[in-house]
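Quick notes on the structure that follows.
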């Protein structure tokens, strides 16, 4: 990547070449806040199941910019007027939409960084960058927050058919090798249109949308909620909770400066203060994994055992069912583990635990996907396709799981 | 392709290499009946819409053999016993399953060759080949007809999830460039299993099946029933009907020997006699297209006009609606055309006509797709997936269309 | 494809979507001269070896327009000024560059249409179309002929690295399944530049060029000159020569009007007259294949035997060697065939024949590929890459072959 | 991955499904030595240039097993006898061939772990594993070392056309998005044969081999030796050297246990002792990157500056030329940096430095690629292809580079 007066070209296994326009977008990519995303895995610990899935949030964000650029070009070809300021701002907004993600976000948000959502952190980083870039991100911020008067720009950044989802479904399907999750980006982009500043899908794109939603659900159940990824992530939550508990109890665990800060920190209420934000900007996967590697030798039995489970990939057993597990069964497993490990009831919670999974491919009410008919009418995709299976896709599915150690003998 | 004592390798854009075992399969491929399929387009006139779709029934049949071979290997790895005789016979059955297809089959079956279905002709060809090959196709015939005592072999040849569909969906999606119809053959094959000699899909394959059915429906509505292909095929039916009518009226139209035979022939009742079968074995796309090319200069206004419509690709307008078209509208169009062309009422039928389209992605009752649960129970895919959208896929969809000339001025 | 005031989109298995601008290009595609290319196989009889290779010259020409459009866009991004007239004309020139191809061109040019090269016929068709389109192709003709004052536009149409080659290498490699011939179109286009109105390749593109030339040579030896395609084409030449000889001897062979015309016609000297051009515009693969199908029943032993060789794919043996075959060996084979078939010495020439193959991946002198160094100097690719293997690629390779019937017993 | 009595299936973006036979291979993969490779990037810091290139040595090793399995199957189909013991041992040998790689191997071997080559470490790990697995790796070790009496098995593991190269070229080309480096694995495997227990390529595979070698060279110059990767790797060497120097001077730098050990350790002479090996088995990319992250705040100006260069991706300028750089030019740059940073002459060495690059696509003498002619003769690929460009590929190319900080103002 160069600052010279020409386009910067990035090789991408998915789109071939990605061309980054110089100026704001290029300078944002060069910023250390954004470079940090190179060290944040897009799919958390999923690589323990899909060894190809080592792609990063950096790469995803760049991919989003690429298809956003294409989407806006397509819309312009169809007569939708988009000013160059709007274009740059929308591209900046999608570039930065995930900048607040921490390492293994979902695990962190359920352990040491409870109380602050990654979208909030993205917003805080964007505001900070807006200061550094002399207000050049003001419009991007409006679009990101959905307060700009042309809603379709926000819908392209964040909605049921946004460029974020379009890229991550394609990218995650590609890197996991789960070819069935693949979606036809070109066709999706070709089907977009705008009416009264709202994002629409042209009527002939209805099968494409259905396929998109089916692919999305498939990716949820077979990849994102894959039981082995799930169990790995849950163990990671337990590791971080235990480390925080031990730290609060006065123990000093080896950890990077940034991770130590968050182990000690009281949970924030909704937002980070300036200090927390700055420290957070130094936190990435390497802090977490390195800490776990050293904690494999920790004195605390619970912590060291949990860390080895992840580092050496000796994952617990997980079972998934439609109905909740019986209390007796859970109690039995707890007892076995308690005796086997010789640990307390509280400590058993780290090894035997239950929870629920839920997924809904299409949300009926908010952020509907609008279909623009050939005659110019606007209808929701569900009613547009009464013969189709979309209604079924909007049903909420809930499943129950239990995790407990295997190979106890 | 060689007869030498080694495997014959065929390059295939889809599967890479296809390896044909010598012996029966190889010799069947070499037979002129099978070589004829090189001259029969797999997708009829669809290449008028999708210029890449020039692949042939020959290529499809070879592809089917390839995945049948893989499917049987997978089943054997799972402990399903298949004898080498059964293997060869099943591969022969799938190789020959379409050998009775004529040029533009659907058009022919609705015009000059009414009354004999292509599956019947395939059967007659197979019986003839069985004589030539000294009874070596006896088992293949049983499997093809579904009378063999192990139903899964027939189900692999012909069923809701057979190797025929598996190949043609993948192949047609590939050659049309309609990437959304692509299916994951490897995964489908990996999910197959057999219980009590019935073909099953393993429970974890349920999303794969859903995706297969969604892809299939998408291909129907966006490709197989694409309105431009549809109108081209309907015009072809009209051409052949007109040519037959003129022949019956005593006119001699230039045509190949084989085509002339069928223009003159009375419609058969269910089966071909030996003579018709032999003549049919010489009939292919080249007879039809060449005849239309020469009929562009025919004296008959209706015939020459219809032929030019196809040869020069000046296709009529087609409209598709859920509800039937109003009689007044149809009558109005007929009147316009009658006056414009100065033709009789009967002749107007060749230019203005209506019809219905119908499609059902999954047939509920017969030939259900059976799901084999982890615990060994067998259930239909619909009940296995109450949370899924498969029920919707089994709904019959019907649409109406009307065709009439455009650019009348 | 529609005439409406919007872009026409064509699905392409290779490039995804191809967008055809309305106006001149769209109208040329709709013309019956161009529609004829739908019935002309891009690779002649190669589908007898590569069953996937049924793509047409129509599809190739459309593909060329697509990448020409992209190439011109890239050049504009680099600051090369191209007017919209130049753009349209260059796209028209590449669209029509092959419009003069007849069915199985190389075979025809060596038999019934000797004396007129397909490039000459393309030129005549273009001039005719220029009249029909009121002079709108005047600039396209200049570019096609290389008389326009900006040579790079001609070089993009016809040169060592033109869009014709770039498309056909990619397309033929794709449809044959010979993945090794695949080239990176995107990268090639990204490396193009223009200096002093001459087409250049940027220095960093040197490995891309080398790979292009290696792929091209590979396609020549493994696909275009594949011995089975070669022998099929040679037999086709013999068929047409025999048919012409018999016609000249007074026999009347069944054939389409257009083919009959050329069987009777004296060979032209360099150009077609108006009548020949018009008849030629009706000649395509269907005339040739249909004629061969009917000639399988011809009285003439030589003609019927040769036709069955192709139609039923019972091809002769072919041997290829660096050194010429010995006279004694050739004579021996001739004698065997003469006795076996009981034919005359002249007739043996149709069954036993020899020839040479030649190929040169890169032509040293004319139409060099120019490399533009980072410092702005222009050098030939050979000297730019003294460390590379390009010099070797410019060596002329010649091989000898002999064909004779197999299975004589 | 399961231990149950069935095949373990791994999704792979490149080969689709990889099937791992249970038993030895599965158990080796589960071992923590092998799991460590999940944390070692296959291409070092190349992801700073190619953001998709985050694949790991773990994934590569699994891929090697997959194609080794296929290669052995192909050979068996051709009549080469391979016992099941030999098969398992060869697969184990390729699985473990890279197990001795440390994090950023080339950088480490040039800094803190000088004196011990990664192949030696692989051997030591394999011997250790052989003890743990009760001698089950004895045959694998023989094959790995090349002392087994059937050389082709070793040649498949390590030679000019081994499964290691075949996988990494394909994989690296895939993940970088450098499509031109793609090779046709299926075809390469299909061309392998064995004569007198030596690995051969069949004559018809000669263009495939040439394409393989051209792709390999392209990957070297455009990817492996990409100037930005190169400069990043050189800076990493400097970081590690500086850290070792500071440690030797008595400073205590924050680092993981394993990294601290190697910073303190005297360079070994050829082999690791047992303790070093054990510590090494805990060292991976996370140790190095985490250390650099914390060293960004180090007191030492040189160390902190170099670390920020990598972590924030503010890389120095690098120039590459055929001829060596002039002493005056180097001296000038050194002087500028010395003044600008106010550092000593010795410290300038960390910021301004020169070196040479070298690459040879095909090594003429040792480990020739043998071609097996149709007549059964064995010749080297160079003489087999006198008309080809292979001789050029065996020429050694050397280039010079200089690195120095940019943006000094």
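As written, the chains take the letters A, B, C and D, and residue 1 is the first residue of each chain.
Operating definition for what follows: a residue touches a chain if its C-beta (ideal position, glycine included) is under 8 Å from a C-beta of that chain, and two chains touch if they have at least 3 such contacts.
This is a predicted model, so every value here is computed, not measured.
Colleague: Work out the mean Cα position per chain and let me know which chain is farthest from chain B.
Modeller: D
Colleague: If you tally the C-beta contacts, which comes out ahead, A-C or A-D?
Modeller: Higher contact count goes to A-D.
Colleague: Centroid from C-alpha atoms only, then distance chain A to chain D, rounded to Å. What do you get?
Modeller: The separation of the two C-alpha centroids amounts to 32 Å.
Colleague: Calculate how many whole Å lie between the centre of chain A and the centre of chain B, each centre taken as the average of the chain's C-alpha atoms.
Modeller: It comes to 44 Å between the two C-alpha centres.
Colleague: Centre to centre, by mean C-alpha position, how many angstrom separate chain A and chain C?
Modeller: Those two chain centres are 51 Å apart.
Colleague: Going by the contact rule already set, what residues in chain B reach two or more other chains?
Modeller: 16, 179, 187
Colleague: Hey, which residues of chain C end up touching chain A in the complex?
Modeller: It is residues 7, 9, 16-17, 77, 186-187, 190 of chain C that touch chain A.
Colleague: Spell out the residues on chain A that touch chain D in their complex, using ranges where they run on.
Modeller: Touch residues, chain A against chain D: 10-14, 16, 30, 32, 35, 38-39, 47-48, 50-52, 54-56, 58-59, 62, 174-179, 256-257, 282, 286-287, 289-290, 293-294, 297, 311-313.
Colleague: Could you list, by residue number, the parts of chain C that touch chain D in their complex?
Modeller: Per the touch definition, chain C meets chain D at residues 179-180, 182-184, 187, 207-208, 210-211, 214-215, 217-218, 221-222, 387-393, 395, 397.
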